[in-house]
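The following pair of complexes shares a single chain, chain A, combined with chain B in the former and chain C in the latter.
Moving on, here comes the complex of A and B:
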């Protein structure tokens, strides 16, 4: 049983190892044993044979995809994380779900959205170590009534080159095992700082939206409201399912929150750009 | 045995009062797996539930309302596309229950749009749907030929913009099945519910639901189909139902559906051996939402193929599918 922000998960596995890894990395999260879960996640053998021989995990639960690719048991921790993401992406209806990272300072929230590999997770992780509160690296929850962004601070999933950059900053004690050669390359999870977990029910009003892009010369570009709206509908997994309230909430977000696209060659350069844009934000 | 827990909650909503957290987790997982969470949410309206359960049920109710709205819109689009043909378009299953405001439609999960049209109108209906933006889901010459020769429906089509599927039926069972329902009689007895939208008569609705559940397929999702039947029976006239079941050659199936509905959701019924086997298959779901009784489930999977085809034809079909890389799931 695991609670992350407003969502509680019941996670079952045919093997002990993924559960042990979760228990270690989520040790400081709220104890929700005996709770009623919003979602059930199941890590089950991809076939009867695959429980014992070259074990492979099929990720499913209340919501699942029939054609999800089986994963090696060695990547069990990642499978559990993906299982929770899958439930949120397919089943969460209480907030508008944006595929975005978010950090907070002085009660105001910076939202960063982009494709996988854009650097939004790394940037949120680094900012979370440098004076900001990490709210989440995968999903930002937009409350449709108030317009606030709510945290979903699960483990931060770092990929490839980002692993060393962040591990050097936070130390080994807060890092999970290195998962080599997953479908998305090497992955290592990072436990958010204590304040991110302790304040995981505390949201804030969005003040700035960034579209980061790693691996380019430093540049800042204004993004028009029409483009922002389109990109956010594409970044949301439940925009269509939520219907009119989602349209109203997203319209409000786009009108009230300034947006910039930023290109950056390194994490340090990105942080300097973010701090400058943040200081210029009204 | 969480499927048993689920049917008890649907039968007697007040029975959830004694549930602990583990019981609720099992109930919710089973209801989601059987696609009955929306129905459960409607049944538990006004019943005292723990704080953590309330938002889960509210989500399910809202989801069902959205489904219903989308399903009716999809039906409306189909009617608009077919209006100039002057054929009677009869809605089937979930969309029909919602369009007619039936109890069976409350909270019901609705997948595809299913419609019944006269068999001789199939070519023009197909043409009109393609002109209005529907297209084939998968192009496969064998599947396409198989559907057209042996099935009771066109291969599934999907709308290019709205991403919703439509199944166009000309009767309610595959042509390879032994019973031969009288589709023309069903069309003739249909009742109008809205502008250009028709649904089957109350008795034919039961016959169709019973045929779908017990004379076709492997009883996957059977608890939901049986809930439909349980609700639909309340609106059917017993004498007329018996006559319609006889007309369509489905007396045995309708009678069994009545017994099972009463045994599982109603006041109880005397069950024979075969009824008990079907009931065991229906309740094969644990508190994690997993299917149990693997051998029984597989036996029903085999039966679903035998129902559709004589053994030789089945062997040829499975051989063709196997060569194409299909494996039983």
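Moving on, here comes the complex of A and C:
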């Protein structure tokens, strides 16, 4: 059993190794044995034989994708993380779910959204080591009644070049095993700092929205409200399912939160841009 | 005969004006539409539930806007009304 922010997961596996890895990396998260789970995630063999022979994991649970490709047992930790993400993406209804990272400072929240590879996870991880509180690298939960962003601080999933950049900063004790040659390249998970876990029930009002894009010359661009709205509906997995309250909450967000697109060539350049934009934010 | 259009109470939308467009949340379908002028202006002028033809809509709009040459403007308004019918926001009377 594992609780991340408002969501509680029951995770089962036909093999011990993925559970051992989760137990080590989530050791400092709240002990929720006996709680009622929101979701079940199961890692099971693609077939009975595959439990032993060239083991392949099939991710299932309350919600599953029929055409999900089986994964190697060596990537069991990733399968568990993907299983939890899948349950949230397909099943969460208590908040408007935005595929975005978020960090907090002085009670106000910076939200960053973009495609996989945009740098939003890396940027959130780095900011989380430099004076900000990491709220999440994958999902930001928008409370439809209050307009606040709530944390979902699961392990941060770092890919390819970002792995060394962040591992060098946080040290090996907070890093998971290196998972080579997954469908998204090399992946290594990072345990958030203690304050991110200890304060994972504490939200904040959004103050700035950024659309980061790694690998380009440094540039900042204003983004019109219509484009912001469109990109946020695309970044939400449950906008349609939640109906009119989601419309009201998202339009409020778009009208109240200033938005910028930022291009950057490196993590350090991005952090300098973020800090400058943050200091200019009313 | 000229096509007439109308909106029922149940066709109601909640609207939100952003800086560069208007969003319409259509309760009956749960769909969100992003529209720009003259669509919001046309819909505003149908809230009374009365049936209206493209020509009559032209005359309503012409009180507030300079629409240019009449025949071309009526044709354009007619095609907007047909598009709104296709979206389910307006129905043929």
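Worth pointing out:
Definition applied: the second predicted complex is superposed on the first by the 282 of 282 C-alpha atoms of A that agree within 3 Å, B and C clash if a C-alpha of one lies under 4 Å from a C-alpha of the other, contacts with A are read in each partner's own complex, and residues count from 1 in each chain.
Criterion: a contact is a pair of C-beta atoms (placed from the backbone, for glycine too) under 8 Å apart; a residue touches a chain by one contact, two chains touch by 3 or more.
This structure is a prediction, so every number in the text was calculated from the model and none was measured.
With chain A as the common reference for superposition, the partners chain B and chain C occupy compatible, non-clashing space. In the superposed model, A:143 makes contact with neither chain B nor chain C. Looking at the shared chain after the overlay, A:251 reaches chain C, while chain B stays out of its contact range.
With both structures placed on the common chain, the touch criterion links A:37 to chain B but leaves chain C unconnected. Judged by the touch definition given at the top, the superposed model places A:12 against chain B, while chain C stays out of reach. Within the superposed three-chain arrangement, the count of touched residues of chain A is higher for B, of the candidates chain B and chain C. Applying the stated contact rule after C-alpha superposition, one finds that A:243 touches each of chain B and chain C.
In the superposition on chain A, A:225 makes contact with chain C only, while chain B stays out of contact range. Rounded to the nearest 10, the angle at the Cα centre of chain A between the centres of chain B and chain C is 60 degrees. By the touch criterion defined above, A:62 reaches chain B but does not reach chain C. Between chain B and chain C, the smallest C-alpha to C-alpha distance in the superposed model amounts to 6 Å. 243 are the residues of chain A that lie in the contact sets of both chain B and chain C, per the superposition on chain A.
Listed in rising order, the residues of chain A touching chain C in the complex are 224-226, 229-230, 233, 240, 243-244, 247-248, 251, 254-255. Residues of chain A that touch chain B in their complex: 8, 10, 12, 34-38, 40, 42, 44, 61-63, 66, 93-94, 241, 243. Looking at the complex, you find that chain C touches chain A at residues 14, 16, 18-21, 23, 25, 27, 30, 32, 34. Within the complex formed with chain A, the chain B residues making contact are 21, 24-25, 28-29, 32-33, 50, 52-53, 55-56, 59, 62-63, 66, 288-290, 329.
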